[in-house]
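All chains are identified by letter, namely A, B, C and D, in their written order; residue positions are counted from 1 within each chain.
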Amino acid sequence: MSSTVFAPAQFRLSQRFRGVRSRTLAICKPLTPEDMMVQSCPEASPAKWHLAHTAWFFESFILRDFLPGYRLFNEDFPWLFNSYYRSFTEFPEKRLRASFSRPGLDDILRYRSYVDEGIERLLEVNPDPEALRRIELGANHEEQHQELLLTDILHAFYTNPLRPIYRPFDSNQDMRSASAEPLRFIHFNGGLVDVGFSGSGFCYDNELPRHRVWLEPYALADRLITNREYAEFIADGGYRKSELWLSAGWDAIEQNGWRSPLYWNAEGESWTLYTLRGETSLEEAADSPVSHISYFEADAFARWAGKRLPTEFEWEAAAETQPVSGNLLDAEFLTPAPTSAASNSGDQLRQLWGDCWEWTSSAYLGYPGFAPLEGSLGEYNGKFMSGQMVLRGGSCVTPQPHIRSSYRNFFQPETRWQFSGIRLADKVTPLTGGASK
Amino acid sequence: MSSTVFAPAQFRLSQRFRGVRSRTLAICKPLTPEDMMVQSCPEASPAKWHLAHTAWFFESFILRDFLPGYRLFNEDFPWLFNSYYRSFTEFPEKRLRASFSRPGLDDILRYRSYVDEGIERLLEVNPDPEALRRIELGANHEEQHQELLLTDILHAFYTNPLRPIYRPFDSNQDMRSASAEPLRFIHFNGGLVDVGFSGSGFCYDNELPRHRVWLEPYALADRLITNREYAEFIADGGYRKSELWLSAGWDAIEQNGWRSPLYWNAEGESWTLYTLRGETSLEEAADSPVSHISYFEADAFARWAGKRLPTEFEWEAAAETQPVSGNLLDAEFLTPAPTSAASNSGDQLRQLWGDCWEWTSSAYLGYPGFAPLEGSLGEYNGKFMSGQMVLRGGSCVTPQPHIRSSYRNFFQPETRWQFSGIRLADKVTPLTGGASK
Amino acid sequence: MSSTVFAPAQFRLSQRFRGVRSRTLAICKPLTPEDMMVQSCPEASPAKWHLAHTAWFFESFILRDFLPGYRLFNEDFPWLFNSYYRSFTEFPEKRLRASFSRPGLDDILRYRSYVDEGIERLLEVNPDPEALRRIELGANHEEQHQELLLTDILHAFYTNPLRPIYRPFDSNQDMRSASAEPLRFIHFNGGLVDVGFSGSGFCYDNELPRHRVWLEPYALADRLITNREYAEFIADGGYRKSELWLSAGWDAIEQNGWRSPLYWNAEGESWTLYTLRGETSLEEAADSPVSHISYFEADAFARWAGKRLPTEFEWEAAAETQPVSGNLLDAEFLTPAPTSAASNSGDQLRQLWGDCWEWTSSAYLGYPGFAPLEGSLGEYNGKFMSGQMVLRGGSCVTPQPHIRSSYRNFFQPETRWQFSGIRLADKVTPLTGGASK
Amino acid sequence: MSSTVFAPAQFRLSQRFRGVRSRTLAICKPLTPEDMMVQSCPEASPAKWHLAHTAWFFESFILRDFLPGYRLFNEDFPWLFNSYYRSFTEFPEKRLRASFSRPGLDDILRYRSYVDEGIERLLEVNPDPEALRRIELGANHEEQHQELLLTDILHAFYTNPLRPIYRPFDSNQDMRSASAEPLRFIHFNGGLVDVGFSGSGFCYDNELPRHRVWLEPYALADRLITNREYAEFIADGGYRKSELWLSAGWDAIEQNGWRSPLYWNAEGESWTLYTLRGETSLEEAADSPVSHISYFEADAFARWAGKRLPTEFEWEAAAETQPVSGNLLDAEFLTPAPTSAASNSGDQLRQLWGDCWEWTSSAYLGYPGFAPLEGSLGEYNGKFMSGQMVLRGGSCVTPQPHIRSSYRNFFQPETRWQFSGIRLADKVTPLTGGASK
């Protein structure tokens, strides 16, 4: 593409940029232009919009500011594909995204190429460090939208009465495993610990500043709650026992008629589960982590089990030393998977990364001294610090480079279209057999 | 296609069937597969759904019942593309139609061809007269959806912030005309008249039985109200004077914030109008009939003008002897047009056919002795006889063969996405200069 | 009160005025000041508001205009107790009426006395004929509110979980009767008939002008549909058979979960009915007319029965010669009553007056040449001529002087809190045993 | 009432019980029975309901369980006046409380006396310590409802278009003061501090367990933000600058059209404020704390001012050693008051207690190891730990015995009908002139 000799940092960033950008297209491979028009719930966006908006981000916050002589691809795109940056431009109501039949997919793909070329050119010209930082931010932004692309497609295909399959399992693949072993609780001493990002690479503003918190001793379950365990909660009348539920949670299940996770369908006495790999039976998926539940359901399950959800800092302190590896997007399994027998030796937290985002009992708020980014980018995270709960650990559709122990995802407690599940926490009781760490 | 010698009736019906079916595809020519996914308001449907549903009608009510050995194109389509026939099958909620990315457009086009072949085959085998009647009904059904296709696309493109143009005017075309002449009122004697369908061809069940009604003498305006005249109503504070409005109309304009017809946009001191031919200025369209107004607005305008809307029977009695000719879909003007100077001679009602559906002051109810069709087809018209008002005369997107003097269109009084306009009525006053007919 | 010698017309009007005013107070006798605060649904108003608003009407449209030197009782009342006359003053949102704890009931009663004195004084001074007309209008207005007072209290007490009783039956009273005799249909010839008010007394603007309509021959049921008959409709799955329902009716019963008339409660296998006389069993009330049903339910019942609802003009033509007498407010039975055996002789329409308002299949629209009253009073009736259906005949809470054959009541088709029931109509079939009239 | 010699604890509790119960009645003194029926927003309840529900609490959780032979006052009251304890009984929807005209006020007052006698009797019989604990809980419960009574009446009277006055100022009283002095920030060292209740008296379950938290050094404003300061925020376009607002806050002000605190009304160029003492001008109330704002407004104001809101623990650590004294209900000022000049000496936090509840930036969540009360009383606080923010310090309508440094009030962030205001926090900057504590 260019014979310029890059500085190593730029070279790495260029590699990363290309990798992220091409993965987005790979995710869309199984989709038709018509599929990419569907917006099946207010939280979701059409796939085509995700393609455009992620290009928009690079154009709006990087090329316009840092590439000399950059000309907009299209004068309308800056406001058309703005998601929510009020200080940048006006933008269309979110629900209108389903009407963007024009620009067509071809135009959007040309827009992406145009922006790709711009970024490559910028990387060649030895840019300002702020530009490099923003390219890294743009790559992370696009990784978030990769996850959203897949969660939105899952919802779109589920909404289609024909229930198309995004990607069927190969003939040798399925979800079955040896039965999950009994839940064990691993102990942690707590104390005065540091939380928040501390490394040298990229992090979001909401992971900073690193700061001290005091933790009482605590215990975390060694794996996620399975579909089988969740089905027991349902069978025990979990959805009918008001004493298990937060008041707002009870209202939510009553108003929405929820009696199971999203994507579960009653089939006579049993359940089927709809996934990106098609429909499966509860039986087949029994040992896989339960997913697509709201915070309210996670909280009620924990109360039913006599446990609780962890705080985000209990989770982070326990995860900080664990290598990032698991059923993430890179594994291309695309649905939560049972723990493997192999991983079961020792007193390790398993399924820490990937499978499902883990609801914590922490509200999403700014850390002491939190300062949003400058300018419009300050709207990225900070303005959502109200009414949402923190989730940790990534899911089966989170890109591996995107996740880390200090990473804070956040959604309203009634959110179910994300891959969200349950890890239980408990107080430390000397009689429990778990090892202390 | 076949060497069978058709009976003349079958031959004519086959010609008609082919003509209708090919016009539907012609209407969709300017649309991309993505355009055909958009459902921009609850009343509208995606274009692809219209294509499928009109094939479904022929399959469900004709091929399944009358073509020996007919096999369904797809086992899911009977319920998937059912619109509202409860006694036929369950059907998806209307709002879900926007999620039907699959079947893709290609599948739908194949479905249409498959159904076309079935109907052609049926016509060759000398079918039951009921089959012929239903094919004619299916053709009329499809003509209604041709109109809906265009009204829905207009809304879909208007909702797209980029406002694409369905079909631009040729360089020699536009909307301008010699200024409309002053409104004249034509007198009619009324008396005991017969209304309802009386011919030998096709009509809907809601046009029957033909029956007597008593009409007092009345007068009808010789043309539709123009955009210029409607702009005067606005400029005179029409939308702010509660005394001009029905109570439900006042609530509607307050709740929806209506201050002009749908598709008008304030542009400084003036207005622009969005049409299937693109955006135009009020100035250019001043002499064209005002369109896309609710019954409430038509009624308020009439009160402001010191007149009233006609009843459906006043309209019908006046139109019964008038040849069907005007700015209908066949003219391909696709937007209301000014009256031509040529048409202005004599005391004729002009713009009776086409341009805009004319709101009448009649509620949509069954005629004395009304009997819906047998079976599921009985749901076609009768179950909507509540809360709607009758419109007469067709619009610029109504196929010419589809309209007649006894034809009753009906919509809720708050409907604005159809081409709906105003013809005034008045009492007969001997001093007025209009001629009596 | 005054020794002035009234002209006979004024004397009669004064008598009428006093009678109406005192009946309003009598209706409120069983209510506490707290009861008179309740507004239990958006359609209803607190009893105290009715007391105030009916005084307001006399003050606003009569005393201010016709009584020389009249001083307002309270400067705020003109807008505070305005219901919906936009051209008169601004007015509070209807839902706020439940917050009018001040003025207290005592103040309102003083307001009523003050207004009473004003009207009496006005009547003594030989007023303008327009003043007399308006006093009569005010009396009729108050009679309408007497009916509303009772329907609103019924709803208010039903909403109270304790279900208080407005007025219990005396020990010798109940609802039982000899079983209703089989429904018979009385024939009418129709033809060119005159409808609309024709007498010399009071009528509303919406009963005018008297005009001709053409009626085909028709038949009307000789009595109203009973609770027993309606229970058969329910037991036969009437609420689950979509083919019986108008589309908007089906939506209404689905959205509201209606499975019986308002005020019916399932009690094991049977039903109880809540009334102004307390709770009763379906068994006890089996022969009483079914009440508190929507137009949609009346229409579906008629379709289930293979009949239809009458038009308002069929009803009026049949009722015009019948003396006004029946289970009206003056009978103080306060709930629909079975037909008495005595009334059963001959081919008379029974229960024509009182018991329940009878839903007709006619939309509420203006008559040909309809002209609303001048000024603000023009808002009384005309602005509601949209989206409502006509009911005829009065109910068990309609004052006897208030009702006549040309009287048009009107409500939205989903209305159920009024005493509204069913009289069936049919086509004339020579074989039916009913007598022709 | 009884000559039994109480143990001192019982004696004190009896005194406290009587004091609380009689204050509730005193609060209702200025209200008519009609006033006590009004429920003017979904959050509020009628005053009569508060009277009944607070008696219900003592009956349901104390008399039924601990007074031998206790007979219910009325068999319906246990469910009728249950607020939200699902595990106790079913209960009426909250919005129905406005329909409880029966039982009448007299019945409710008798109910209260009956319960009072029961409690007095119970206290005489040397009851179980749990009974004593619950009587104290019941007294605290009633104190919360005393505050609600006043906030609900303020809203009810404001909703009444006549705007009655709950209690006018005496002629020598008003809100004016010497102008508030410039805001100063007091420094605190933070560190590892203990929070949560630690005394020997009563506290709620949500104040426990006492636990350690780590606080960075911080500063708190020495007084609350005044109406004048808030008016500057408005005048500076605070409500139009999206960058000042949380995303959910921006949505809230857009949807509700908020452009000022609740109870402010634009009066030409200035504002009037409606209070329990009647309407006042912004000028007169300029130095009083701003009140009746949502969390979103408090947060936006803080951002506009370049500061932030304190966490609940920063507040608690600073308040723990401060004596509880201020403009609380006992002062009977009933509206926020300016700081007095007298209180201004030294580096004290002023207005810490009373005036307005102070929004903190802390979400309302359970403390580590939080355990709700046993049984139905466990529903008192715990089930609301979702979607709400913590407020601290009490208001001008909070009873003095009710408040303490560990007390946690909580409301949804959009709540405005409570007396809620702003204390700013800041980071510690060595150059600021405030003293460190």
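Operating definition for what follows: a contact is a pair of C-beta atoms (placed from the backbone, for glycine too) under 8 Å apart; a residue touches a chain by one contact, two chains touch by 3 or more.
Note that this is a predicted model, so its numbers are computed, not measured.
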For this session: Give the chains in contact with both chain A and chain D, ordered by label.
Result: none
Exercise. With chain centres defined as C-alpha means, what is the inter-centre distance between chain B and chain C in Å?
Worked result: 39
Exercise. Counting in whole Å, what is the centre-to-centre distance of chain B and chain D, each centre being its mean C-alpha position?
Worked result: 60
For this session: Could you grab the centroid distance between chain A and chain B? Build each centroid from C-alpha atoms only and quote it in angstrom.
Result: 47
Exercise. Chain B: which residues touch two or more other chains?
Worked result: none
Problem set entry | Interchain contacts (touch definition) - all pairs | A-B, A-D, B-C, C-D
Problem set entry | Complex interface listing, chain D residues touching chain A | 84, 86-87, 192, 211-214, 216, 242-243, 245-250, 295-296, 299, 311, 361-363, 365-366, 368-369, 378-379, 383-387, 413, 427
Exercise. Which of the residues in chain C end up touching chain D in this complex?
Worked result: 32-40, 48, 76, 79-80, 92, 96, 98-105, 156, 159-162, 164
